[in-house]
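Let me give you the structure first, and then I'll get to my questions.
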Amino acid sequence: MSILIDENTRVVVQGLTGKEGSFHARQCMVYGTRIVAGVTPGKKGQEVDGVTVYNTVREACRAHAINTSLIFVPASFAADAIVEAADAGLKVVVCITEGIPVLDMVRVLRYLDGKDCHLIGPNCPGLISPGKCKVGIMPGPIHRPGPIGVVSRSGTLTYEVVDQLTKAGLGQSTCVGIGGDPLIGSTFVDILKLFAADDDTGAVVMIGEIGGTAEEEAARYIKESFPKPVISYIAGRTAPPGKRMGHAGAIISGGQGTAAQKMETLRQHGIHVVENIGEIGMEALNAIR
Amino acid sequence: MKLHEYQAKVLFAREGVPVPPGEVAASPEEAGAVADKLGHGPFIVKAQVHAGGRGKGGGIKIAEDRDAVVEKASKIIGMNLVTPQTGPQGRLVHRVLVERAFSIEKEYYLAITIDRTTARPVILASAAGGMEIEEIVQSKPHLLITEAIDPVLGLMPYQMRSFFYQLNMEPALGSSFSSLLSGLYQVFTKYDCSLVEVNPLVVTKDKKIFALDAKVDVDDNARFRHKDILEWREYENTWEEEAARYRLNYIRLDGTVGMMVNGAGMAMATMDAIDLAGARPANFLDVGGGANAEAVANGFRLILSDERVKLVLINIFGGILRCDVLAEGVINAVSELEVKVPIVVRLEGTNKEKGTELLAQSDLNFTVARDMKEVTSVIANSGLADRARKGIKREALAKLSVIPE
Amino acid sequence: MKLHEYQAKVLFAREGVPVPPGEVAASPEEAGAVADKLGHGPFIVKAQVHAGGRGKGGGIKIAEDRDAVVEKASKIIGMNLVTPQTGPQGRLVHRVLVERAFSIEKEYYLAITIDRTTARPVILASAAGGMEIEEIVQSKPHLLITEAIDPVLGLMPYQMRSFFYQLNMEPALGSSFSSLLSGLYQVFTKYDCSLVEVNPLVVTKDKKIFALDAKVDVDDNARFRHKDILEWREYENTWEEEAARYRLNYIRLDGTVGMMVNGAGMAMATMDAIDLAGARPANFLDVGGGANAEAVANGFRLILSDERVKLVLINIFGGILRCDVLAEGVINAVSELEVKVPIVVRLEGTNKEKGTELLAQSDLNFTVARDMKEVTSVIANSGLADRARKGIKREALAKLSVIPE
Amino acid sequence: MSILIDENTRVVVQGLTGKEGSFHARQCMVYGTRIVAGVTPGKKGQEVDGVTVYNTVREACRAHAINTSLIFVPASFAADAIVEAADAGLKVVVCITEGIPVLDMVRVLRYLDGKDCHLIGPNCPGLISPGKCKVGIMPGPIHRPGPIGVVSRSGTLTYEVVDQLTKAGLGQSTCVGIGGDPLIGSTFVDILKLFAADDDTGAVVMIGEIGGTAEEEAARYIKESFPKPVISYIAGRTAPPGKRMGHAGAIISGGQGTAAQKMETLRQHGIHVVENIGEIGMEALNAIR
């Protein structure tokens, strides 16, 4: 197993003809991912690395069996692209795009409410099930198949962690970058629930950061019903107080969004918290043994 | 993007939110002219800076008549306003807002922001006006009233009534409160705000409702929809602005370790590692997850122009970008500049070995750290560590190239 | 409330939907003046009545020049236009719309309405323009394209693209199609429409997009939000309008049994019962579920002023309203008027007995039916039944009071 | 049992101080319904027949145990009232109000999607579980407790049918007037599903009318999975062709909205269709025997 993506994943890339889209689609194909179609409005019939481009996602879905979308379209069109993919019935939608207006995401998330569709991101590196499938922009070679699920709000910091895990001999089942924006599709809890049901995942490394209360919610969920060991790291312990707006938002949910508070909450809920990012690989290894 | 009070009040007025009569002025003379326009006093003269607590710092003054307005304005314009929110360095005041002053009967707090957990706009209100939201939450949480807005519906009349009755306003104020609140929500959605805050919202002794203060943050990601508002931006010549010109995400901090990292999370983790080593970062600098050689060079220049910096730490996880290309970028940037401080480089990812080799072979003075553990050790032993180090051992130093101390 | 084409096009223009240049005219002279304003021809002169198929009835004419416009307008204004949708009685034409005529390259169908099943606005489009939607569905269902609109999002760009590509429009028309479609959706939501239909939507030979025809129905329930549009209403002095003045829901039909019922479903069931008995209703009249004596009296007067009516059937299920009160209302109304036709009354519900007694004791000629079965029998035996009766037995008559035949 | 309302139903009346609201609330109380609070903005503290009035539904819910709302507010405020009741957590919301703009209902129904709330109406007579509880404007005395579930789009026509049922000796478990508007909260299928699970309901009488495709959808559901006998009547067989707009809407759903089509579809799906409204009581009796 693994979660969300595997050997049966068949991907349409929205924004395939763009610079980023074509580059990363190629990287995914090199990794072994089955990119079966592309979508760029008005560019129907073009080919990129042998992949046919369509005008709309629905059109692509009529021509190919597709279950996953990877989105690279510019921020001002990205909300539309996400909804287009979900409306076409795709079950996993991965949005790499950074900079989507938050009120666009308010509507998109309300739209997705109750729909059978996992949105990963936006503003995320995507996800990878090592050795099986990569739907994202992370460097493939640092990953190894194995029992560790990784879930993270960060990009390069996830690569750092995965690299340490691999070097410590801990391969990964699936690594999910859920994205750094205030409003994202899948939260820590959403992904943890999938890891809970995944037989191939033996333990989870969770990488959080300052802002919001997603880590606190994850802590409560883990204590109540997550059956596997969790090792966590929170970035931003020394960050200067954030924008006040972040505060007002967090206050509503009963938190302050500071790393210190998050780390304390995680510890209170029995979760192993790593302080020194340089040690996370070895600490994970020790914690799991 | 934070708007000034006077700018926020322009948006309020557009959407029918009542604000006190008034105008902005950039000089004492202009302030006097505004007073003339407003007619009789008393007036209030308010410093226009992006910081709360202006009153405590002397940035808000009552003026009985026109002459007093000119006098107060001349004191405030050009002053370096220090408030609990500006930090000790304060902020230079360029403009004042001159408004008619009212006798206040009651103050309320009202704000609209995004609640991450429900992923919806949320309206917060409290009869404990004039206090900061943090204070209200701490001291009078029972007085905080919230309503989440479902984007299917927008702000509904029953939600406005819920605020109105819980705030215990007089029945006669019902319709003016509703139009104020729906106007504020209109501002929030129409201009893609991440925050709209009115603190205080007041009822005057003659039973009028006004947004006495106004704070609006516009979502930076939605700038493309609001070109007109973007023109209101005032540049203050900060390091942050300079960095933004090169599309770098920079925040000035108070330490001595200049650092450049790709990815915000990684940058924060690096700051934390520097702190663990007992030193302090001079800045946060994220050159972007997909950093290229040019971004690295620009970031490098920015750090080196900061004379507080005693050591530069470059921490790049190559990802898609190859480490050898990055190493070249760093070497070129360093060669161009006269670098007097030690440079610690940590490269990871594709072609790491080749990149490291290039750094080693250059005749420049790089210290190479092989991983985050080594980064911490190097910093701990750099002589910049002025606080207790948490479990970072000096011995690690032996493994590293020599660092000038 | 149905709008005329020229009114619908005013709304279209307000929301940026391109329509051909033109104006409405109430006389041939005015039509000539519109032609002058438009400049060169050819022109098109279109009868403004609430019915489709105007072209087939001679209500739409091409006019090469100003003189032809005046001539065609003088023929159309004042004519009784008969189309497949007006019925044989036709409709009197009061106004014409005079527009510039274009060479058409391609016609499309486009409409927005509410889909009851999904409870959402739905947009329908087809490259088979100029046909009625019913025809398209029957003859070319594969050419019908639909998109439901989620009220959370409104009309999304990807949905507009979906129409655009499926309609096979030329790439250069993309942005004008999008602004037309989003404008139409704007009309639909802003003015609470139950239908917005453009048939045909055309692309002209010089590659312009126009809404050549326009049909808009505004939701009657949303009138209170659109007072301005309500002023466009043209009264035609119909029975329906007269009834509406008394808040009665009346529809004129072609039979001889005048009927008055409380509740629309009950009224329909009564019509069906009349039909089963072999007769035909002269009208549908719902005096409202909570009918009171006044509504009953007004309804009664309306029916009796229809000289086609040979029998009046009053069928009231009292519900909350007591039958005795209703009976009094009927008795008073009948006493006031000179009633020459038989009256059949069926009362049910609270105080039924007392009501029936009141009717029987009055010196007026009422036939009382005790239930719906008896209602059917009475009608079947009234002499008005001119068609085969489905299983309604004549014998039932024996139980009833005598009916004049 | 019975569905939706019973002895445990505790009602707030929105619009209690109005003429209709106070009249019908009194009738409900006379029938035995527990009306525990009223809501009229600005009239907090007033009393109507001993029932206390509050400014908001939430306020009423804080002061009393309430699970049901009965709405009599004017059409222009009714959508707001429905949402207020649902947002306060009430599980059954009955909206009598006629004339709510259809685009208001589009938003209300989207809002209710996936929420644990049964909206009955709008533009309906409400519902009654004879002998237990009446939340509506129907005349109580024509009803008798018994095994027949009644569901209808109509008002007085339902009274007619119930009256005949009672006279034929067939009492009712619950009678639900789902309302005559194009967009309503609970459909035939929604109510049938509740009747399916109700042990006290042995058979169902379903009263439909022209317009839409709700009866056809019910027919399909009944054939596939409704385990009890259904007797139906469709009003409007002789109605002149409706507004064209109704057509366009129905066409989308693959129907024409005519009574003839509905009756045919019902028969094709094995449902007993009564032609003569005067016979429905006796036909129901015969069909069930």
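Order as written gives the chain letters A, B, C and D; numbering starts at 1 within each chain.
What we mean here is this: a residue touches a chain if its C-beta (ideal position, glycine included) is under 8 Å from a C-beta of that chain, and two chains touch if they have at least 3 such contacts.
Fair warning: this is a prediction, and the values are worked out from it, not measured in the lab.
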Per mean C-alpha coordinates, the chain lying farthest from subunit B is C
By the contact definition above, name the pair with the higher C-beta contact count: A-B or A-C.
A-B
Need the CA-centroid distance for the pair subunit A / subunit B, whole Å please.
27
Centre-to-centre distance between subunit C and subunit A (centres being mean Cα positions), rounded to whole Å
54
Whole-angstrom distance, CA centroid of subunit A to CA centroid of subunit D, is 46
In whole angstrom, how far does the Cα centroid of subunit B sit from the Cα centroid of subunit C?
59
What parts of subunit A, by residue number, touch at least two of the other chains?
107, 110
Shared interface positions of subunit C, touching two or more other chains:
150-152
Assign the assembly's chain-to-chain touch graph to one of these shapes: line, ring, star, complete, other.
complete
Please output the residues of subunit A touching subunit B within their complex, sorted ascending.
23-24, 27, 75-76, 99-107, 109-110, 125, 137-139, 141-142, 152-160, 163-164, 180, 182-183, 207, 209-214, 217, 233, 235-240, 243-245, 247-253, 259, 275-279
Where on subunit A does subunit C make contact in their complex?
41-42, 44, 55-59, 77, 80-81, 83-84, 87, 107-108, 110-111
In the complex, go through subunit C and note every residue touching subunit D.
52, 111, 113-117, 119-122, 124, 133-134, 137, 146, 150-152, 189, 192, 194-195, 197, 217, 219, 221-222, 224-225, 251, 253, 261-266, 268-276, 281, 284, 289-290, 317-320, 348-350, 371-376, 390-391
Residues of subunit D touching subunit A in their complex?
113-114
For a test of understanding, state which residues of subunit B touch subunit D in their complex under the given definition.
150, 152-153, 156-158, 161-162, 165, 171, 174
